[in-house]
Amino acid sequence: MEAKDVRLQGLLQTHGKTIILPYDQGLEHGPRDFFNAPFAEDPMHIIEIAKKAKYNAVVLHVGNAQRYFDRMYGQVPLVLKMNGKTEIPTDAEPLSPVTASIDDALRLSAIAVGYTLYIGSSRQDEDFEQFAAIREEAHRAGLPVIVWSYPRGSDIEGKGGKNSLYAVEYATRTAVELGADMVKVNVPNLKQDPRIPEPYKSYTTDLQEAVKRVVRAACGVPVIFAGGEMMSDEDLLQKARICINAGGSGFIYGRNIWQRPVEKAMEITTQLKQIIREGKAKK
Amino acid sequence: MEAKDVRLQGLLQTHGKTIILPYDQGLEHGPRDFFNAPFAEDPMHIIEIAKKAKYNAVVLHVGNAQRYFDRMYGQVPLVLKMNGKTEIPTDAEPLSPVTASIDDALRLSAIAVGYTLYIGSSRQDEDFEQFAAIREEAHRAGLPVIVWSYPRGSDIEGKGGKNSLYAVEYATRTAVELGADMVKVNVPNLKQDPRIPEPYKSYTTDLQEAVKRVVRAACGVPVIFAGGEMMSDEDLLQKARICINAGGSGFIYGRNIWQRPVEKAMEITTQLKQIIREGKAKK
Amino acid sequence: MEAKDVRLQGLLQTHGKTIILPYDQGLEHGPRDFFNAPFAEDPMHIIEIAKKAKYNAVVLHVGNAQRYFDRMYGQVPLVLKMNGKTEIPTDAEPLSPVTASIDDALRLSAIAVGYTLYIGSSRQDEDFEQFAAIREEAHRAGLPVIVWSYPRGSDIEGKGGKNSLYAVEYATRTAVELGADMVKVNVPNLKQDPRIPEPYKSYTTDLQEAVKRVVRAACGVPVIFAGGEMMSDEDLLQKARICINAGGSGFIYGRNIWQRPVEKAMEITTQLKQIIREGKAKK
Amino acid sequence: MEAKDVRLQGLLQTHGKTIILPYDQGLEHGPRDFFNAPFAEDPMHIIEIAKKAKYNAVVLHVGNAQRYFDRMYGQVPLVLKMNGKTEIPTDAEPLSPVTASIDDALRLSAIAVGYTLYIGSSRQDEDFEQFAAIREEAHRAGLPVIVWSYPRGSDIEGKGGKNSLYAVEYATRTAVELGADMVKVNVPNLKQDPRIPEPYKSYTTDLQEAVKRVVRAACGVPVIFAGGEMMSDEDLLQKARICINAGGSGFIYGRNIWQRPVEKAMEITTQLKQIIREGKAKK
Amino acid sequence: MEAKDVRLQGLLQTHGKTIILPYDQGLEHGPRDFFNAPFAEDPMHIIEIAKKAKYNAVVLHVGNAQRYFDRMYGQVPLVLKMNGKTEIPTDAEPLSPVTASIDDALRLSAIAVGYTLYIGSSRQDEDFEQFAAIREEAHRAGLPVIVWSYPRGSDIEGKGGKNSLYAVEYATRTAVELGADMVKVNVPNLKQDPRIPEPYKSYTTDLQEAVKRVVRAACGVPVIFAGGEMMSDEDLLQKARICINAGGSGFIYGRNIWQRPVEKAMEITTQLKQIIREGKAKK
């Protein structure tokens, strides 16, 4: 087994699935994500949740990864995010620039690296080249690459939006074709839209089946699902259940976890793990 | 004989011609190509066809080439595709960005590499430089380069479209001038168009003669023909016959092969090989 | 302790805080900043103030740093500014290009390097990559990086301007996420503006609390505050007091210091130090 | 004498002048240049003419140079063209991208390299940098550089067009300033045009004198003249006579030579050599 | 003393000032500068003047520097111009691309290198980075850098034009901040313009004082003045006198010198030297 695959297995330690705590929103959305949960502005809050609730990894940008290295090393596995941007410039032609190097990842003992790929952006060509360089260097260094595979930009808007089943399946497949070791996507939105290309435009299905299609588009590469903005416990758990039943490999929920106090975050995590266990039992 | 030419001969093993099974459409067109043939979403379907029908090579992007290496090595020769893109952004000024390296090709034991060149795109200059670097590195590594030579972009639309005889001949010649070892083109479309430059605008001919011209434009470099969207068996075989009779070096048919179940794919492949054999007999 | 952190401590020698004298305005604003204080056109004026008033460092671009090296070495610590621009081109999509190298910084015995990051500019992607390279190289060389973290460009104007609390907090956090060792920002302006994103639009507070929020956004990374254009002593000292009381790590005041004759500059510096001492006493 | 100058002398072997057979039109103009002379589509036609008529060199792009190396080596000197483009994209802001490397030139035993410089294009800045790198590397490798020095793009159109005496003199001088070892230009067109800058606008002269001015603009660097589209023998020989009498260093005629059958090509070449001999006798 | 400073002293050998003969106009303006002085088209004319009138250096682009190396070495010091462009493309967003390397400068035994910096151009960012690389490499090679510091582009036009005192002072200061060892500027034009930024808009002075301000903006770096188009002897000498009296470090007059026959060029040079001597005597 290649070194990168050994490390990837190390991420799949929650009954064979993974739960990852992403904390790159300080850059992606800015401090507004901490406004109503000021405790979450402190990275130690996230590290504490990860430790206590035994998350398989925390995702950080290089600044925090470096500053909190001594409080994570040997206790909380790190996924180093390799690129990122603020939400201030318009999102019409996005490209997520590189903010860290594989040398950073090695120095900080990362278990994997994360990369945001904006599928369908008019700058997709630059993105693919940037990704190819990182993918190759990461694999050479024994690090698996998790791709945040996001349809984005005005062209996908013109084809029905970034969350259509068409868009999410295509994004999943693209990450896999380019060499991702794990793919993070959003749960598709089944709202119909005349701009979605055929045969997807005329296709109707339920969410469980849709998520299955997304998982299948990955040719066996583990697919994990994002959580998005804070929602009710009920909605979150229902969403999680669908993902697991559809064959998803786990969750990468951020705001829905760390916008809660530590105890509350632990509680909901326990419920998420229970869903994974139940999913496993079903098989 | 140079190492790259030895490997190129290794591709021409079907009665001196080649049949190649391309599977880069998951990236180029997305999962819609698998919608009505869901079995084809799994790369193993393609690998199985290639093995059973003895294709001279399968074309993959690096992600699948890496993941299925253990199921192909020593059994199905690999053409590693070096660049690619999704169909989401507009095709007005296309450039196909690099997605893999020659190091990848060597590690994965590729017999050749594939490169998509968009002749006539306003970004042709970047494309030529990108190609020159890969061509040089590939040859140094003993790998032949197959060029997907596609007229594309708004300027060629203004000159009568991407499939005119003018466009296809020019694309073929361009690939050859730049150092391609094998050229993949579309069969030209003989529809007249007042925007096609002279003397091609006033020139009329039949398809067989047109394909001959394309083959001749290659100065002896092997020319292979793409299949495009699924068509009837009759049309496909007729098309294949014309290409072989015109001196083409083989077929690189994807959807027309792998959108069929394995047995059906084997049947049509047998017929394609028969056409090659007959072509050889004629000579 | 890493070499870069040892040097960073060397900057925090004014009762645990820092006072830094920036002199990059000759490039950023041009000679108009010296028009009414012609003595300040001569870098020796700044070096003299720094020596006599015991500033923790002077900030210079490479030209002056090199020319005055023999008059500073061992006497006035240098922060070498790594990028900069003139104010002549429009500021709609700013990027501050690199003007010096880490090799320059080492040769000139800099204690730290300074980098201007234009948060929210449409060229933010280039900026992040440029910064990442410098951050990594600086840290490898044992040099801390001070980020001039400035929201800038038309997109932030459309979100309420570069000095809103939203903008300044986001800029602070961004620098920290990307690996800054110290952050220089402007004191936020609390003027309401309907274009500021929620929840900041509806949020009202006083300046002291606002500055606290900015300091908190830095996750423990020292935040220092810029002075801007010359103002009255009273205003300057009041501003300084707020920054210190809010947990700021010091001042980086330029024009407000060096547009005064040496004696006057020393007097106001004494008062600034007094504010730091008082702030310390309060704790 | 530097290695590059020794090789340059090797090109000037036709009574001290040079006759070069360029065959880069398959890329620059596409197969339409072979339409009425289909035998010329085969590079062997050109190689045969060059051998039989003792051309001082043939100009090829890397693809053909490589494929026909075994039929040229030791018999026909090669000028490897280093850049080129198709005529499909608009010519408003041209840049000729690099298609080969100096390593290619050395491997293929080239006697010189050729480079197309588009003087006055809005992308002239990229062109100059690209040229500088090749010029430096070529000279280090002992290879002289022949510059196809072509005024081109919308700005020169606005100044009276690409073939005015102003434009051609300027192009010649530019190539020389940048380090060309030989300059290829078009014979100027003396048509008056109010948009030509002064003092050229008001200047009238005859063609012989105009060509002399072009030769003089080169500061002693050999200037050779292009032929352009096929013309009558009479016109071609008259043009050749003017160039030689004006001090030109030879001809680089393509279509006017190789669009003829071999015997005809040999005949016209004999006449061209006669013109050179007569020119020499006059001196 | 650093090697670069030793060489810089070698340029200041005319009573402690410098007279430099620039001959980069063949590229910058084209052959029209030689139209009425055809003898000047030959670089030997310039070399002869430099030798006979003992100029401290001649400025050449790499092509001529290389070709005339054997006639200059040990007799006329060379300043190698590192970048340049033609005047054909519009000057709205200028960038002067690199045309030679520091390796060229060393091989050609240059005493210094020259670089054109377009202050205020919208491409100033690229320019600064390009300059930083050359400045660093030149200094490492012991070569001083003379900056042609020219305000240029549409943004400076919108601020009152490229020759205002504001523009010239700013350009001087910018070159110095970025590490120039000597700065070449135009004598400012004192014409008032409402678009000039304050406080310069309201400021009136005489030419001598204006030039003094420019010299002072350089923080002690030698400032030399350009001559521009041919003018009367009287005007030229008057201009020279003002520059010297204002503390300028010499002249870099091209067309005003070499558009004269050698004897006339020697005469005017003698007068210029006399002005320098007088300036020295005054002190």
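Which chain is which? They are A, B, C, D and E, in the order written, and residues in each are numbered from 1.
The criterion applied here is as follows: a residue touches a chain if its C-beta (ideal position, glycine included) is under 8 Å from a C-beta of that chain, and two chains touch if they have at least 3 such contacts.
Given the structure is predicted, the values throughout are model-derived calculations rather than measurements.
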| item | value |
| --- | --- |
| Rotation, 0 to 180 degrees and nearest 5, that superposes chain B on copy chain D via CA atoms | 70 |
| Centre-to-centre distance between chain E and chain A (centres being mean Cα positions), rounded to whole Å | 57 |
| Chain D and chain E: spacing of chain centres that average the CA atoms, whole Å | 35 |
| Order of the ring members, counted from chain A so that chain C is second | A, C, E, D, B |
| Complex interface listing, chain A residues touching chain B | 119-122, 124-126, 128-129, 132, 135-136, 151, 153, 155-156, 159, 166, 169-170, 173-180, 197-200, 203, 213, 216-217, 219-221 |
| Footprint of chain D on chain E - complex, ascending | 24, 26-27, 30-32, 35-36, 38, 41-43, 61-64, 66-67, 84-86, 88-90, 95-101, 103-104 |
